[in-house]
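The following pair of complexes shares a single chain, chain A, combined with chain B in the former and chain C in the latter.
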Partner chain A sequence: MALKRIIGVVTVKGGMAVQSIGFNKYLPLGDPVILVENLDKWGADEILLQCIDRTILGVGPDYDLISKIARSGIATPLIYGGGISSVDCAAKAFACGADRLVVESMIRDAPKRLIDIASRFGSQSLIASFPVTLVNGIFSYFDYLSRSPFELSQEILEILKNRIVSEVLLIDSMNEGRINGFDLGILNKVRELQLPPILAFGGVTEPDCMISLLKHPDIAGIAIGNSLNYRESSISHIREALNQMPIRSRYESN
Partner chain B sequence: MNQIKFCKRCLYGDTHPLGLTIDTEGVCSGCRIHEEKDSLDWNYRWSKLEGLVSQYKSNTGKNYDCIIPVSGAGDSYYIVYLAKFKLGLNPLLVTYNKYFNTELGIRNLTNLRTKFDCDILFQNVNPLSVKKITRETFQRFGSIYWHCIAGQTVFPVQVAVKYKIPLILWGAHQGIEQTGMFSHEHEVEMTRRYRKNHDLMGYEAEDLISPFSNLSEGDVWQYFYPQFRDIDSIGVRGVYLGNYVRWDPLGQHELMVDKFNYKTTKFNRTFDVADYVDCYNYINLHDYLKLSKHGYSKITDHATREIRHGRITREHGIHLVRSYELHNPKHLELFCDWLNIDRQGLDFMIKQFQNNNFWTEKNLGEKIFNGWSKYYLDNFKIPNDDVFLGLPNLRSLDSNMQISKNGQEKYITFGRGLT
Partner chain C sequence: MRSFKFGIIDYKAGNLASIHYALKDIGCDSKISSSTNDLKEVDALLLPGVGAFGHAMLTLKEDGLDQFLKDFVQQGKPVLGICLGMQLMSNSSTEMGLTTGLGLIPGHVEKIANITCNVGWSPLAYRNALNIPGTIFDKKDYYYFNHSYVFHTSSKYVLATSAANNLENGCEFNAIIKMNNLYGVQFHPEKSQKAGRNFLKNLIQDIKNGS
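Entry: the complex of A and B
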């Protein structure tokens, strides 16, 4: 059985790493390069660098930041998200040092470009990001830029079914940045869609929540953001708490 | 400068070096998190702290329960007071020799350990290494204080690992208090990442060594952070009391002056009299370098703090900042003498780090200040009322001691003994 992964998330806004809470409250953290270096030392399986304001500002991916991180010599695979809108963007992001890309706006606005990127670089290089909400049993996909629900078109569903993207980053928008726990009801709602393997993100802070997620057959990994910054060696502590789960064993960090 | 956004409540701008976010209502993350001081149940939070520390109490009474980093200033007294008298802990105090020591600071430190009856360990890094490091950090990124912060933040962790005392108690988390980096409820603990990113301005000891610097490993190894495996094996944790106690530095200092005879002094670059009394340079040269690089200085931190505590208005704060921030730093000759540089060299170095965003060239080589305080309010009028009206005890705190006896200012060397 393939081991499941622990992904450390660094959220960047205005060039600064931040804690994001509910997509509308942001607390400063510091230099994203140092945060990424730290997650690398701590032994995250992958690091997701999400630059959440690049699309809305219309400035494209933060190539400088990807390059700086690549030059820092991290050994952990780097997933980059933010401002990817074309094959050329993707090519340049990979050239700068990203190992995989996560896309969100492109899925809604230009889903065909996903096919072009996957054709050139392979499906394993692509992750589709979907913020979702589950409120009073009503489930919807959530556009965090316009802060409104949207429907998955048939075109998008086909792309997902045909595994044009290798994984889906499913974000529990209601619990994003909070310590309430990822709502497992979301996974039940998406089962029928036969999505690619899922990375769960949003409220993933407590070991009980992590264990429940890692036990779920559709989950390939858990993505953790804000809470990794609250204490030393967070990932080691998480691995210890999850030692019965199918994850990589404790990493001897430096 | 027009692109800097300022909080509409306090005096911070979004170029704050720790990082600051401003929400859609124009209020900064620091002010928002400060609101928690009046909304959280501090009795509940105190009970959480009691539960947390109880697991570290020695059963035999023959070991220390925790480590407390102290100095002759700051929150040291209050932290030790909470640990010993409120939490019933047996702490080992640790202190790092900054070299820029005032007599007042030495006096306060001696008073601390005798009044509280605590054991203490001193870290004295040899002066040659300290001076080499200071030259390097001053030249490379305009800091004369790197060694002080590096030593103060690493020595407690080294002692924790060496002596197998896992719990370290700190006072307030600077990121929380100033820019609202975390909620108090996140209960954030000490991390190497924060230390490197913010305390040490992005440079750990290893980062100072390069083929182009004069430093070798032999000069900086005392500042190496312990390995994660050693920290994890002991279970070392640095806990911030400010997450469990409603932190109010001015109120706490008043209490410590009253109960334990902590001594304060006047400064020419801020109205606060209780912070940093142990150092000739913190509120002087170090503070002036902060103004040069970041466009604001400690007076802005102090005024912002008091605005948030509701003791002065924003207008009072602006007036205080504009009154103090451009006062010349003192004791520069002492520093030059210590580092063996001349005054021209020092002035040259300071000018190298004047940020062009905050200093405008007037004449050749001369720049005028154009920092944060120039942009706070249009049509600002100096308040008519007494700015210290909300700080009634401040005047009784000030000037109860000079930083040096008989006006003879010199760095006091630890362990030199009587001469």
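Entry: the complex of A and C
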């Protein structure tokens, strides 16, 4: 893989950027376009825009929001997630301004469609998202819509093994929105599955946690959400703290 | 004075808006279309990235864009291919089975060695300079790559290479190729922040100079 990446995450609910805490509590942050523009200016390696209510509302991807962001002229790769359920959805999302897609519900509900999307757009354009929980040593994949655990089917495991998706976004659901740090035990639990390269999200707040993750061989990137919004040019401060890590050390703000 | 205008080919995949607004950002006009009528009057054509070879070639043929591109090139007009767009200019690709390409630049597209996908930021190793007066390519600049396949071609067309796992220990592949006024870049200049914007500006200047 190339250098490991710092991914800025903007979570959107009801069209507004929110601070999410455990997928349960949401505090408003403001216009998602502004937050994305900030991450672009501050030099994130990628920006993940996750619209978390699109599937549950049955309204499909937020093409308007993707288009607005594209019109702002951001020069940082945009990963979009939320409501992607078909090849046509994916095509329109790319046409509007997404550069990669992250899918979650489709993995459980219609995993074969991932194959169709990968055939049309390439595996490198697809990321599979798995919220997980690790509580008292018990690990499970977590469906945050029904708020219940689920098992990875053989079909899903085959898709991952055959690298139909390029990367996996593993979300530490227990620590999402909190400062406790991403639970590294999660990476041990999934090791045997030989997943594609992993992007870690959930509780990635402090430099120590980031360093531990970036040192892990299965990690391709760290996704950071809420904490990036509390400080101007937060990403450059993070890069300074991580200057011994295999990340992009040089960038110029746009 | 009319500004330079790209025709961005819509082959029903591609991150069309990203490249359109990147060009706008640097003062370059562009039109997105799958219609040969719409694309006739542009100064250069652009094959965008994000997609898979087989489906893209199928769509190009269905819309008559494969022959249109070949005729455009025969007239001596410039074409820029980005990522998959660069690969489409080859003779063939093994992505999803062997598929014939546009045959605009001799070469063949194959799976990148040793890894499934190359996603992320890497620097370039310049083989031959783009001879543009006043151009400064900072060799420490990083560019964003997102691909699973690479374009093998004669070294005489290669301006720069890159490597997954950085240049010291990774597998090298062609990052910038040029044959007459056909240009191919494996990375995404439209999503490579300031380095990418500078690259696009320099490239357009090179096209205008008719190098």
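For the reader, a short list of remarks on this structure follows.
To be clear about the criterion, the second predicted complex is superposed on the first by the 251 of 254 C-alpha atoms of A that agree within 3 Å, B and C clash if a C-alpha of one lies under 4 Å from a C-alpha of the other, contacts with A are read in each partner's own complex, and residues count from 1 in each chain.
The rule we apply is simple: a residue touches a chain if its C-beta (ideal position, glycine included) is under 8 Å from a C-beta of that chain, and two chains touch if they have at least 3 such contacts.
These numbers come from a predicted model, not from an experiment.
Of the two partner chains placed by superposition, only chain C is touched by A:67; chain B is not. Judged by the touch definition given at the top, the superposed model places A:122 against chain C, while chain B stays out of reach. Judged by the touch definition given at the top, the superposed model places A:110 against neither chain B nor chain C.
Here chain B and chain C are compared by how many residues of chain A each touches, and C touches more. Once the two complexes are overlaid on the shared chain, A:59 sits clear of chain B and of chain C alike.
In the superposition on chain A, A:135 contacts neither chain B nor chain C.
Of the two partner chains, chain C is the only one touched by A:163; chain B is not.
Legend: residue contacts after superposition of the two complexes on their common chain; A:100 is shown touching chain C, with no touch to chain B. Residues 252-254 of chain A are contacted both by chain B in one complex and by chain C in the other. Chain A contributes residues 1-5, 40, 43, 45, 66-67, 70-73, 75-78, 91, 94-100, 118-125, 163, 166-167, 196-197, 220-221, 248, 250-254 to its touches with chain C in the complex.
Residues 13, 16-19, 24-31, 34-35, 38, 41-42, 226-227, 229-233, 236, 252-254 of chain A are the ones that touch chain B when the two sit in their complex.
Note for the complex: chain B touches chain A at residues 18-21, 23-24, 29, 32-33, 175, 179-183, 186-194, 196-198, 202, 227-229, 231-232, 236-238. Of all the residues in chain C, the ones that touch chain A in their complex are 10, 12-18, 20-22, 24-25, 50-52, 54-55, 84, 95-96, 115-122, 140-142, 144-148, 164-166, 188, 190-197.
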